[in-house]
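Scrolling down, you'll hit the structures one after another.
Here come two complexes built around chain A, the first alongside chain B, the second alongside chain C.
Showing the complex of A and B:
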């Protein structure tokens, strides 16, 4: 019996290893070639840091990076605020049409990006005159991010101990004070989790942004796309490497914050 | 509190209602504005445009007809839609086939490495989608790593033409969406009650029988949630067919993008987008009908 167990474990382990290899091979290729002196970024010709120097001296990249950071930051702040109050409202209030509202909130998550992107483009240019660029991109990102925040926060609320809130109210705290001192802090991990989810989504979104960006508002993914048309360049590999590093740092941070919360 | 304390006078009911209305407005108006103004209104507008026509210079001609929708069914577009659904099915099937074992392995044998193993599934999916797909494309390309290794090992004499085939598109799709299948399945396996499995063993089930009769049916919810997360976005995918299929393999999402960004034919693009959205809503509806609410609730 024990023997059989081991064989299954080994078999599954070996299979998993292959799948991990499939998932990671492109990432490893990007990282390795970002340090290769081959100027097409497709084979190993010896170690160099030149491409990183080129990246940091590239004004277009810097512009695109700043634009993406600004957009993602505004999106995260607005979406998590909307997500928090909506989650709270959906959890606490019972009214007719609630199920319909919940289903409607799902639509922007379920619809393919090309549908959301094209519908918003037509809406912005033909119906209300919202200038393509920062305003249109930020609105589009908030539209697909807030629903995510709502469901992350709603999911967390279902596992809450709500008696704390009742206790605060019973002890005479006003509704605002209760939210500020009790409910809010309890929600903080959920808010952090939704922010951590939304930031990379917004930062990495290509399709919807491509539709609504108009001319001249190049975000980082759009810059990458425009460069890839001419084939891979080592500079693209350095951007990819930095992406991976940042993701790992963010995830590790999230993990340690969670660990710390658990120990308290 | 006794029953008589609860106010049931019309005045009190009215006050209750007004309070609820104020609360709903206070908490939910931002999301209602987003949904109504930036989701429903744009969809209504493209629905309106989908009945119009485009002139030779891309100007809109205001004459209503069902021509655009007829063209989808009659012309080659219908085939593209069917191909997208077929590719999405294939992708979903392979994601389950690949995703189940790894999710099972992490949940059952992960031990104290569980977090790290999950971390290793998630990290690639959060690192620039575009760059990763491009890297995968170079790896399987005619001068890529796969072909170089196979030629050097003398397994093949000429490079394999993997790119620009339906298989390549499917591979790209599986690569892009696999983590979204692994995570819900993992959650479902992790949530299994061990005593149920013990009971099955005690009652004499072989491990294989136990897996197919107990574990698999009990993790159906995870499979369904993963399938929704993978299947739906896959049908509307644009970048993957663009990169891996070139001009040979088109998917429904590519048609929409083509009409809007390259051709500039808003009415035809709108009708394709509406068709795509309607198809997906229908699929989602059928999935919920078939799989029950529970899977959806679990996903949320």
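Showing the complex of A and C:
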């Protein structure tokens, strides 16, 4: 029996290694080749930092990067605010259609992004006149990010001891002061966790952004895509590497904040 | 504030909490059903009753955490019906203490003072006073998760007391503590109350806690306040069958008044026997449904020992047979089946008392007897 166990364990171990390899190999290749002096970034010719230098001198890249950062930042702020207020309302208030609202809130992230993207495009151009560019992209990002924030914050509220709020009010704090001194700080880890989830989500988004961006508003993912159509250049590798780094930092931060969130 | 003039013989004093005909309905039940009570300054008043009787809801109505459907509540003469909790001059000690986990002990205690915008130095002074009062010196900078259950409860107490409220509301504050700790905290609570003199409105389901802590007790059941009185009155003269059973007077005889003899009444019970009991003031003899007697007041001897007939106006006695003896060490609990009556009497024999004889054993024929003045008249529930 033990023999069999060992063989099965080894097989499963081997399978996991294979999966991780396929997961990480492309990423590692890109990271490695971003330092390669090969003109097309497809093989190893020697170490160089030229491509990173070129990146920092590229106005288009900087433009796209700033656009992505601005959009992600605004999205994070607005989505977490919407998420907090919605979570509060869904948890504390009782009204008709509450159950419906609670389930339908998740729809934007359940729909395929192609569907959401094209639907939003039609909405922005035919139903209400929202200029394509910053306004349309930001609204679209908020649409698919807020549900995430609601989800995380609502989840935290289920584990929240609401007698803290009662105690605060009993001791003389108004509803606002209670939120400011008690509920807010207690919810902060959850709010931060949802921010850490939303930022990379928004920053990395391609499909929905591509639909609603219109002409001339390029986010970083869209820039990379458009460059690829002209053939691979090592700049793609550098951007890819930076992407991975940024996302990993965000995830690491989120991990530590989530840990704090759980310990309360 | 108005002068109090209630009927339970309590000392005259200023009324600091006046509840009139309070009603609170929930979709499935009326939690508080026309309750009225006046609490005087400086007293410890306990709302006693089983789970679901409405005592916690009543407390929350006073605190402002629930809103009244009908009736009124006044604190220190001021009508508070429409006031939110943060504007009412009362403070609550919650059962689960509800300490803010992201604040230290000192910050927790000072919470309300910060809301009152007091200067830092004064807050520090007041907090230090209260920390000393509840015996938590040295723990000011700890966080709640570093404290024991009893310590947490003391912080909660200090946090409320530091605001010097007109009434301190306690929602079964000791229920979550283990037995030994509960007894210690009861003593602590009493000491602190005597020291600060704050009026306490205490909610509990524990009769012993209510008896030892309170100046007056109000017994509640199914949303109604059944009886208000001093611990002695509630224990020794419970007014209804429910209260009697709740307080441990488990020997209940049903019967009706047939005549009056001076300050006693004659009751006829199930088998036609006549029993005498003192008639309390203001009681309508037509609403008398029987009487109760506490087990510890009943004396018991072997049948063959009982010689003379007793005067029923002085002593009530029955013959019976011991059904069961439950040895508890320092005392034994006896169950006696009474002759000619479909009833079992419960009594105690303390070890070493004159009734603790070898004759007292199961299946022994006995006579139980007690002073007729110990018979407590019961009214309709």
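Heads up, the rule we're going with is that the second predicted complex is superposed on the first by the 241 of 264 C-alpha atoms of A that agree within 3 Å, B and C clash if a C-alpha of one lies under 4 Å from a C-alpha of the other, contacts with A are read in each partner's own complex, and residues count from 1 in each chain.
In this text, a contact is a pair of C-beta atoms (placed from the backbone, for glycine too) under 8 Å apart; a residue touches a chain by one contact, two chains touch by 3 or more.
What you see is a predicted model; the values in this text were computed from it and never measured.
Once chain A of one complex is fitted onto chain A of the other, the partner contacts of A:49 are absent, as it touches neither chain B nor chain C. When the shared chain is aligned, chain B comes close enough to touch A:13, but chain C does not.
After overlaying the two complexes on the shared chain, residue contacts for A:182 are found with chain C alone; chain B is out of touch.
Look at A:66: by the touch rule set out above, it reaches neither chain B nor chain C.
More residues of chain A are touched by B (comparison of chain B with chain C). When the two complexes are overlaid on their common chain A, residue A:161 makes contact with chain C while staying clear of chain B. Touch criterion not met for A:253: it reaches neither chain B nor chain C. With both structures placed on the common chain, the touch criterion links A:170 to chain C but leaves chain B unconnected. The touching residues of chain A, counted against chain C in their complex, run 161, 163-164, 166-174, 177, 181-182, 185-186, 264.
On the side of chain A, the complex with chain B involves touching residues 4, 8-9, 12-13, 15-16, 19-20, 22-27, 29-30, 42, 82, 85-86, 88-90, 92-93, 95, 101, 104-105, 107-108, 110-115, 117-123, 126-127, 139, 142-143, 146, 150-151, 154-155, 200, 204, 206-207, 210-211, 221, 224-225, 228, 232, 236-237, 239-240, 243-244, 247-248, 251, 255. Chain C contributes residues 63-65, 84-86, 91-92, 94, 96, 98-102, 111-112, 115-116, 159-160, 163 to its touches with chain A in the complex.
The residues of chain B lying in touch with chain A in their complex are 20, 23-24, 26-28, 30-32, 34-35, 38-43, 45-46, 49, 98, 101-102, 104-106, 108-109, 115, 117, 119-124, 126-136, 138-139, 143, 145, 175, 178-179, 207, 232-233, 235-239, 253, 256-257, 260-261, 266, 269-270, 273, 276-277, 280-281, 284, 300.
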